[in-house]
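You will see subunit A twice below: alongside subunit B first, and alongside subunit C after that.
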Partner chain A sequence: MTHLVVKDLTAGYGDARVLHGVGLTVGEGEICAILGPNGAGKTTLLRALSGMIRARGTVTLGGADLTGHPPDTLARQGVAHVPEGRGTFMPLTVEENLRLGAYVRRRGPELEADLDRIHGYFPVLKTRLKQAAGSLSGGEQQMLAIGRALMSRPRLLLLDEPSLGLAPLVTRELFRIVQAINAEERTTVVVVEQNAHLALGIAQQAHVLETGRIVLSGTAEEIRADEQVAQSYLGYRV
Partner chain B sequence: MAGFLQQLVQGLGAGAVYASLALALVLIYQFTGIVNFAQGELAMFSTYIAWQLTAAGLPFWPALVLTLAVSFAGGMLIERVIIRPVEGAPELTLVIVTVGLFIFVNAAAGWIWTFLIKDFPNPFPAGALEAGGISIGLSTLGVLAVVGVVMGLLYLLFRHTKIGLGMRAVAANPESARLVGIRVGWTLALGWGLASTVGAVSGVLVAPLLFLEPNMMGGVLIYAFAAATLGGFDSPVGAVVGGLIVGVAETLAGAYVGFIGSDLKVGVPLVIILGVLLLRPQGLFGRAVVERA
Partner chain C sequence: MSNPTETDAAQERTAAPPTPPRPAEWWRSARRQWAAAAVLAAAACYAPFQLVPFHVFQLTMVLVYAVALLGLNLLVGHAGQISLGHGAFFAVGAYTAAILFDRWALPYPLTLPVAAGAAFLLGLAFGVPAMRLRGLYLALVTLAIAIFLVPLLKRFEELTGGSMGLTLAKPAPPAWSGLAEDQWLYFLTLVVAVAAFLLCVGLLRSRVGRALHAIRDNEGAAEVMGVRLSVHKTLAFAWSAMFAGTAGCLYTWVIGFVSPDSFTVNLSITLLAGLVVGGLGSLSGPVLGGLFVMFVPGIAQDINDAAPGVIFGLLIIAVMYVAPTGLAGLAGRLLRKIPRKE
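For the complex of A and B:
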């Protein structure tokens, strides 16, 4: 069943248009990877989906129209965006960062249970609850950012370059957790990633974005098997 | 020794007033990055409202509560109408806007209430507490108590409520705050409302010591700037401590440094501002940014 439907999405900054009519669909509970070179518009696509920048076209999530709403409204609609650079609230504590993720929800036992759940995914966060979030390492901040996003019980999770600046081992661990989260919570995930290997490893389907247009779509296996992709993004020939 | 303690207590009383105006400055700076030069004038205008209400026959404390409520709404309105359109503009633009607001509010008060000085009722009894050879005016104690209560309430708001957490999130990272669903625009307006309320407290406390007139907050604003600079413009606690230190420094300098006396006292905050900017620009409590890449 399709969950996220994007049609003819155009977006940019000022006069500079970055996306030229992007269309894609993601099934409920699926992971969709967006690959592509620097400057292709991957981050812009996520920013348009979460309302951080204005976009034209249509975006629907589970049938509800999301187009043109500001990010605070979309957050209430179940869109959680882990932005490039992680968006940590540096001077606030780890726990406050997590609780802010649940800002749109009511307080209650369910929310406390979710905190525990996130400590289960990221045990390291539990040991640092009272610490200023700015003092965490890059990998821990990325975990915190994903934990924060999960606290909103999102229907759509947008991950922008989760591997950026992280050691390979940490990145692999992070992707394993994203996969576990997706499997357990049936959260639909759109992940933008430079590391095509890892992204294709957890995604069901993938799209390749080049200069603001989708040039190739398919299942993760198909994309992996594509010679062009292999050369450009995976670093080997099939 | 008793004389010294006497001066110290007096300094703390004055400092409490500077602290509350400094706190108002810091609140707005934290949320919007704006140094609000009109903060003192807004406080003065609020004080006139309180005066008008008491002149109309309302007892002091109900008049104060009503004044604070009006100040809160007024602060939010100013943010929505005057500050919102220039949000994100260069610093110089923002400074000019708040200086313009300063002139406008000052002139409006003069137009409505004239520039003739008015007596403002002192809400505290006239007596004094005698202890160990020093006497502490009840009004000084009252000022300290009121400022203490205001600080306590703000602390509770920021540390123990969801709205307060949201406000701190907006101050820390507005873009992320928007992404977790916080209505950032309204939070900024709330910050202005709070700041105007806290500023109004300082105006109402200082008015009985000075006279009520449209220019009464000019001097206090300079002390508040010194206090905020000393404590760190991003630290509410720093603003309070800074205010108290500035009040004490000013009083002691006036009493013990011969050539300063009461005429040159206003030079003290300027010396403090200059000294802090040279030696520790982030202020005593300013955030030493803890960030790892």
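For the complex of A and C:
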């Protein structure tokens, strides 16, 4: 069953158009990987999906129209965006960061339960609750960013290069957790990633974006088997 | 004074290895905070009976400025915006109280909510440009408000008394209190200042405070987390103006006289300087900044009558050199040097 439907999406900055009619669908509870070279518009695509920049076209999530709404409205509709560079609130503590994640849900007894849930996925955060988020390591900050996004109980989780700047071992661990989150909470995930191996390892389907257009779509296996992709993103010939 | 050095502490934490919080430690620090608050409250109630009236007046004015800085701190220290025109909101509060008093003979306690409300609404109006502008652009627009105000006050002479200003009777101490006028004014101001302080702390601990901090620290991330930037940026301005207007009303009560020349651009700039010197984003910063705004211009005048501005500027530079996170940060560092009993 399709959950996220994107049709003919165009977006850009000022006069410069970056996305030229992007279309894709993601099934409910699936992970979708977006691959592509630097400057292809991957980050721009996620920004358009979370409303950070204005976009034209249609975006629906579970049948509800999301097109053209401001980001805070989309956050209330269940879209959580872990932005490029993680968007950590540096001077605030880890706990304050996490509580901000639940900002759209107002308060409630579930909030504490959610904190426990996040600590389950990322035990290291529990030992750092009162520490300034800016003092976390890069990997910990990425975990915090994902944990914070989960605090809003999203229906759609957008991850922008979670592996950026992390050691391979940490990256693998992070992807394992993303997979676990997806499996346990049935959250639909769109992940932009340079590390195509890892992304294709957890995704059901993938799209290759080049200069603002999707040039290749398929299941993770199909994309992995593609000669062009293998050369450009996996670093070997099939 | 629950956390006098938030920013300073954050830096400290950046350097220090992670220490999981220990409940015993928290309890001890909470107890110390209550003890400090109790000592402070006792001193604040005792002081006016020990000081000569002029010093009581000075202390009262420190509190008046502290209330204004509480508001400015909300905007600059917590919401990450800037205002070079807060003297204007202060003036609006002062004039609103004075005019109500002068024209309609409103009992003075009633002038306070009206003055605060008027400043709030004006802040809301000026918060709209703040939604779109930032940094130097916002600084310029707010500076324009301050520049604009003095001629405006002089222009509407029938209402404002023009350049002559308005002279008013100060609130008289009721007979039951047995207080002298200066003491009565001091306690009035103290009550309002404490209420303003508690309101501010409450605001910062609420969802609003969390939203403001998020906007200050990372606007884009705050936005995707569902924080309505436009609403909170505008409201931060309005809240902030409300505190400044409240302080302005207290000013009218205490001084009993308002004139356009009391509220020039200089006031706005001194307020901002006072806040930065006191300690941006900290709870004790506004009080330390109030001391600065009250006393340092006078000290500068004493040192060199010919060029008080130069001395004033040099004093700011000297303080910022010694205490880059403001006096609150410096105080926090010194306090931490005192060995603690285990």
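As a convention for this text, the second predicted complex is superposed on the first by the 237 of 238 C-alpha atoms of A that agree within 3 Å, B and C clash if a C-alpha of one lies under 4 Å from a C-alpha of the other, contacts with A are read in each partner's own complex, and residues count from 1 in each chain.
Note that in this section contacts are C-beta pairs under 8 Å (C-beta built on N, C-alpha and C of every residue); 3 or more make two chains touch, one makes a residue touch a chain.
A quick note: this is a predicted structure, and the numbers were derived from the prediction, not measured.
Partners subunit B and subunit C clash in the overlay (superposition on subunit A). In the superposition on chain A, contact of A:S137 is made with subunit B only, not with subunit C.
In the superposition on chain A, A:A199 makes contact with neither subunit B nor subunit C. Using the contact criterion defined above for the overlaid structures, shared-chain residue A:L129 touches subunit C, although it does not reach subunit B.
Once chain A of one complex is fitted onto chain A of the other, the partner contacts of A:G165 are limited to subunit B, with no touch recorded for subunit C. Contacts of A:A33 after superposition on the shared chain: neither subunit B nor subunit C is touched.
By the touch criterion stated above, A:V190 is placed in contact with neither subunit B nor subunit C. Contacts of A:S152 after superposition on the shared chain: both subunit B and subunit C are touched. Within subunit A, the residues touching subunit B in one complex and subunit C in the other are 50, 52, 70-72, 75-76, 80-81, 83, 87-92, 96, 99-101, 103-104, 132, 134-135, 148, 152. Put simply, subunit A touches subunit B in their complex at residues 50, 52, 70-72, 75-76, 80-81, 83, 87-92, 96, 99-101, 103-104, 107, 132, 134-138, 141, 148, 152, 165. The touching residues of subunit A, counted against subunit C in their complex, run 50-52, 70-72, 74-76, 79-81, 83, 87-92, 96, 99-101, 103-104, 106, 127-132, 134-135, 148, 152. Partner subunit A is touched in their complex by these residues of subunit C: 6-7, 10, 13-14, 18, 20-21, 207, 210-211, 213-214, 217-218, 220-229. Contacts from subunit B toward subunit A in the complex involve residues 162, 165-166, 168-169, 172-173, 175-184, 287, 289-293.
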